[in-house]
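Next come two complexes built around chain A: one with chain B, the other with chain C.
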Partner chain A sequence: MSPRRRTRPLPFLLLAPFFTALFVFWFIPLLQGFHLSLESDDLYGNTSFVGFLHYRTLVHDARFWHALRNTFAYCALSVLLILPLALGLAHLLRRTYRKSRALIQFCLMLPGLTPPLVMALLYVLIFSGPFGLLNRVFLHPFGLPNVDWIRDPRFVKPSLALLAMWRWTGFITLIFLSGLEGIPGSYYDTARTEGASAGQLFRYITLPLLRPVTAFVAAFLFLDAFTLFEGAYVLLGGSGGVLDAGLLLISYSYITAFTLGNFGSAVAISFSSLPLLMLVLWFILTQGRIRLFSAVKFSAAKRLPA
Partner chain B sequence: MFPAKRFPIKKQAAPLMATLALAALCVAFAFPFVWMFCASFKSDADIFTPFPLLPHHFNPRYYSSLLDGSWIPYPRQFLNSLFIAIVETFLATSFAAGSGYVFAKFHFRHKQPLFILAVLTVLIPRQVLILPLFIWMNKLSLLDTPWSVILPGAASGIGILYFTAIFRRLPDALLDMTRCEGAGEYRVFLGALPLVKPALIAFALIQFVLCWQEHLVPLIMLSTQTHLTVTVGLSSLNAGSMRVPYGLLLAGCTLTVVPTALFFALVHRQFQSALSRLTEA
Partner chain C sequence: MQPSTFFRALFFLAVLAGFAPAAPPVTIWVSSDADLKYYQNMAQLYQQKVDKDFQANIQSFGFTEMPDKLSLAIKSGINTPDIVQFEEIFFSLYLKGEVPFVDLTDRIAASPLAKGILPQRMGLFTWKGRTYGVPQSLSSVVLWYRADMFKSLGISPKDLSTWDKFEAVGQSLKHKHMMLTAMDWSYLDILLRQRGYDLYNAQGVAFPDSVVTVDTWKRLVSWINDSVAFVPDRGGIFEPGFFANYVQSNSVLSLIGPDWYGLDMIQNFDTTHVGKWRAMPLPVWTDSLSHGHRNTSSFSGQGLVIFKKSPQVERSWKFVEWVMTDPDANVDRYLQGNSFSAYRPSWTDLRFSQPNPFFGNQNLAQLFTDIAPNMPYTVQSPLHALIINLLREQYFLSVVQHQATPENTISAIRAQIAQMTFGQRGQQSGTKP
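What follows is the complex of A and B.
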């Protein structure tokens, strides 16, 4: 047997498991979900084809638009909170605190290693009502009235964003730190000999070179915020909270499916958010000049006999 | 080398401010965990008085009542979580590493559309597909088994992007060297794996942490008490109608941090080196 013949099956053997899993547990549910969103079922489990009825109802559903706005506001808020903080921390940690760095990193990482459910529970214990640690330790001794941080609709979205920040800052800092270490020190030395200030170094060397990392991280955070469920679930008990201030798309879909028992409409809710989600992610990734579809364009790849 | 600039006040104050801010942030981030750990040993009356932090005497009664399973089958749920996280991590890492290797090192027909398909799975996360997935799992009669949580997570689009980038950085000359010595393609692939070991570990760590934390998928897929994962079990304990002592809840929460924190502490050096290698220009 010639070596050429032997090379052929391997790539397909390696690709097969991934694409089988993708086909069975991603593609089929996607198609089925679309089909499901075109159907309606009555209380007796009889389904009938209703076309795009669910989608058309959503257009006039104020609660859906509210949830959509909430979700994107919360996603954007958490990304905008975390990115500057993590970048600043990484910049600070890069040159200084050599000895205590491991400890600092572990402190910052600890929330990221904890299930969000546990963090949400802790958050409730710290922030809620008269028993909350925050009210007890900081407000009572000074004679200030209780603030109900969780039930007050003004604080719900910031609370969720704060949870996301608590969870991800350490992890993102670690990624930025690694990104910073990948930038050759000679760039900075050259710029410094030409008299660049610290601000200029940051603006013209660090930021542009970190662009792909930043875009990747932003996309990751956005996606995570979008799919986060347990924070809102624990904080608000699976509902939208007072005045629906914390109603996210994923909880709205969950309520519609499991509380109201309307599967078709619930799937329509999650599917109609997809184009917008994909558009935002697409925008973020292209801003970072991450070429998603460039798998083909490299010459060194070994060409298989066709 | 360079003449020191003379800003006496700024030079003194800025690092001090930075250190103070950093210390405050670290305390704010880590304090709830320290409190959680200490409070889980305190008596019921003292739980919500945070200071003094340490309990008068360490009373592990809630840990023992968790572990003997008198409230919920906690040890069983903990093992379920471990099983799901380990198997899912193994499958996702090996699938993604294998496919990433092929995308980076081989050229074949329909490569572009396949790659785009893999990237699309990143843009359409499985949490959005959860309801049709639930019905599909029901048809496959996998519902309420660990596989209904593991298998949807086995195909990781981000993993494909990551490992394609990683293997692209691996010089072809290294692979050709093993080929010259008569190794088959299979051996060449196996030989390439140790060369990207930090990347494998980094990906496995992230995957493990995310699996361990997953809540929505097991909440919907699993229903029997003894089949639940530890996060779902704890949330059912919290939301249930019975009055659960807070100490018990805190003890359960404390234990969930242990596996991921251990994993991170063990591999954090390799984790960082893998990440910086990826971002190198």
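What follows is the complex of A and C.
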């Protein structure tokens, strides 16, 4: 009979401050917020318990569904723009001289270090007007017409996505670079010996082995886009813009709380997106599970030409 | 009691009184740095003139951020101010249920403010017959114009006596690639009120005069089509970016705005054109739909309210009453480039006649007092902030950019308001929809 392992208290003691802080500054406010969502929207004076009335009201709120659609569309656009660009840049970076790589990495980090509010203010200058930087440098020289990036409903979400792209591409590139550096070179050597092309190496070795990293960055970008406030607030003045083209869930929650003074409803908006958000994140993160040996065995032995 | 005991007790009480804690400072929240400076000066002046023990803790927040902080403070009950100076549009946010500000009706009735404040302005902070705030500014709307550019283009203010003439002058500038004015959503509010109508009424009906609203809106759209006016980026003329990008580069010949727009915003944000701005009464409407031929309108305006749960209500009220009625306080507000007072007895102060070098030594105070009797009456409603928000953030630009018609937009706004307020009626105090 094997002796029972004694549970050491030390790990729990070391983790206790973190979990205490998490409990006090996250869990308790979360519970209080949920409680607020079950109360009436009286700003002043006594509130009363209304149960799930705010949540039921959202079912018939067209603006809420519009904001939800906008938010998911914007999140998907951001992720789909940034991921391939960052991966491509990481590949190129691997091929640069090591001596210059540090400087390039630092430059790539800079936008990610800039406070989002500052970046949004800069973007007002870039997007703004017919003589904004974006129009003047990227459209006018090619004879393309001006785009009203902030006021044309067709371009509002792409503008927000471009903002996210500028902010995170460099940072995500470095994460991908770390992921690429972590792939054993022997896999590539073996595959090359078998006659694999660069495309096949990328498709059957690099991509599968980068899945955990890709899943992580996709989840990170999705969450960041979902919780974006500064960009929309500065570019659109805290509103949804023309025809609510840029109305995100967080903007709608803000408008409900601070423009309409309905704090209970605003919290309900935030909580109502939680199940869907958790589902998306679960899906992304489970896609990142790597089947290492099967990936290598399959790509090296089954698909490559003889 | 022995006399010696009595005097010993008296001495003991006197010593205790000397150690009694002074009243805490009155906390005042204001909406701009200009107001911060003004109220700091006023607190000192009040201390010198009226109450030597008066102390004020004045905090300034951004114009749109302050209502956010106030909502949070009121909802949580934490760090609430005593006095708040804020915009009458934001005041309407607090009219849904119990109003969180002190009912000042009886206090105003017993003070010089009752007869002193221009009657057209008293409605700003009045709801269901009770007054909760005192308006700080007259907010009479004028046409601010660049006299130097008018002169170079051969435009005289007399050429702009009616809106038809205004449009004709604007159209004549098309070939010179200049626009007579820049506009935003506030022009719909201003011009509608000038015509004797409003975006809502006291009964809480949105767009009660939709025919006139549509007509006014279409008129503004025609200004864009005919190159009389343009809408700046981000759709606002109240932003520093607008002044930096358009005003300072001489792209704008005139702007429609209230007294504080010129005194505060133009003076502070267009420092390159000192001496070149002037003001004139608004062009008048001459059509049959408009009531009268008003040469002014009103727009927005700040005022002072007292939070209901303030522990220093009386002290706060005394300060508010003083700052609104004291001659020096009224004059300083104007001379510091803030706003022109709505308190009529102060208008006779000769200091108001001081020429303003920024506006080419024009006697602006005289202009404001001349047009004040023509100002429209303003009513308040919980719908006010809702309508302004929807107009400003969503619908005004969609109409001027031809993505929607005024008629459809009015219907859409009414539907949204009905949905929002229907939900609110059900969501307040537990009553089900």
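By definition in this document, the second predicted complex is superposed on the first by the 255 of 306 C-alpha atoms of A that agree within 3 Å, B and C clash if a C-alpha of one lies under 4 Å from a C-alpha of the other, contacts with A are read in each partner's own complex, and residues count from 1 in each chain.
Operating definition for what follows: contacts are C-beta pairs under 8 Å (C-beta built on N, C-alpha and C of every residue); 3 or more make two chains touch, one makes a residue touch a chain.
This is a predicted model, so every value here is computed, not measured.
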{"item": "Between chain B and chain C, more extensive residue contact with chain A", "value": "B"}
{"item": "First (chain B), second (chain C), both or neither touched by A:Phe263", "value": "both"}
{"item": "Contacts of A:Thr96 with chain B and chain C, given as first, second, both or neither", "value": "first"}
{"item": "Touched partner set for A:Leu108, first chain B, second chain C, both or neither", "value": "first"}
{"item": "First (chain B), second (chain C), both or neither touched by A:Pro158", "value": "neither"}
{"item": "Touching partner for A:Gly288 - first (chain B), second (chain C), both, neither", "value": "neither"}
{"item": "Contacts of A:Phe18 with chain B and chain C, given as first, second, both or neither", "value": "first"}
{"item": "Residues of chain A that lie at the interface with chain B and also at the interface with chain C", "value": "237, 257, 263"}
{"item": "Interface residues, chain A side, partner chain C - complex", "value": "40-45, 47-50, 53-54, 57, 61-63, 124, 128-129, 150-151, 153, 236-244, 255, 257-265"}
{"item": "Contact footprint of chain B on chain A as seen in their complex", "value": "3, 6-7, 10-11, 14-15, 17-19, 21-22, 24-26, 28-30, 32-33, 36, 89, 92, 96-97, 102, 104-118, 121-122, 125-126, 131, 133, 136-137, 166, 169-170, 174-175, 177-179, 181-184, 192, 209, 212-213, 220, 223, 226-227, 229-230, 233-234, 237, 250, 253, 257, 263, 266-267, 270-271, 273-274, 277-278, 281-282, 292-293, 295-296, 298, 300-304, 306"}
{"item": "In the complex with chain A, residue positions of chain C that touch it", "value": "64, 67-68, 71, 74-75, 93-94, 96-100, 233-236, 241, 245, 308, 385-386, 389, 392-394, 397-398, 401, 403-404, 416, 419-420, 423-424, 426-430, 432-433"}
{"item": "Chain A-touching residues of chain B, taken from the complex the two chains share", "value": "2, 15, 18-19, 22, 25-27, 29-30, 32-33, 35-36, 48-51, 91, 94-96, 98-99, 101-109, 111-112, 114-119, 121-133, 135-136, 151-152, 154-155, 158, 160-161, 164, 168, 172, 179, 184-186, 189, 209, 212-213, 215-216, 230-231, 234-235, 238-239, 246, 249, 253, 256-257, 260-261, 264-265, 268, 271-272, 275-281"}
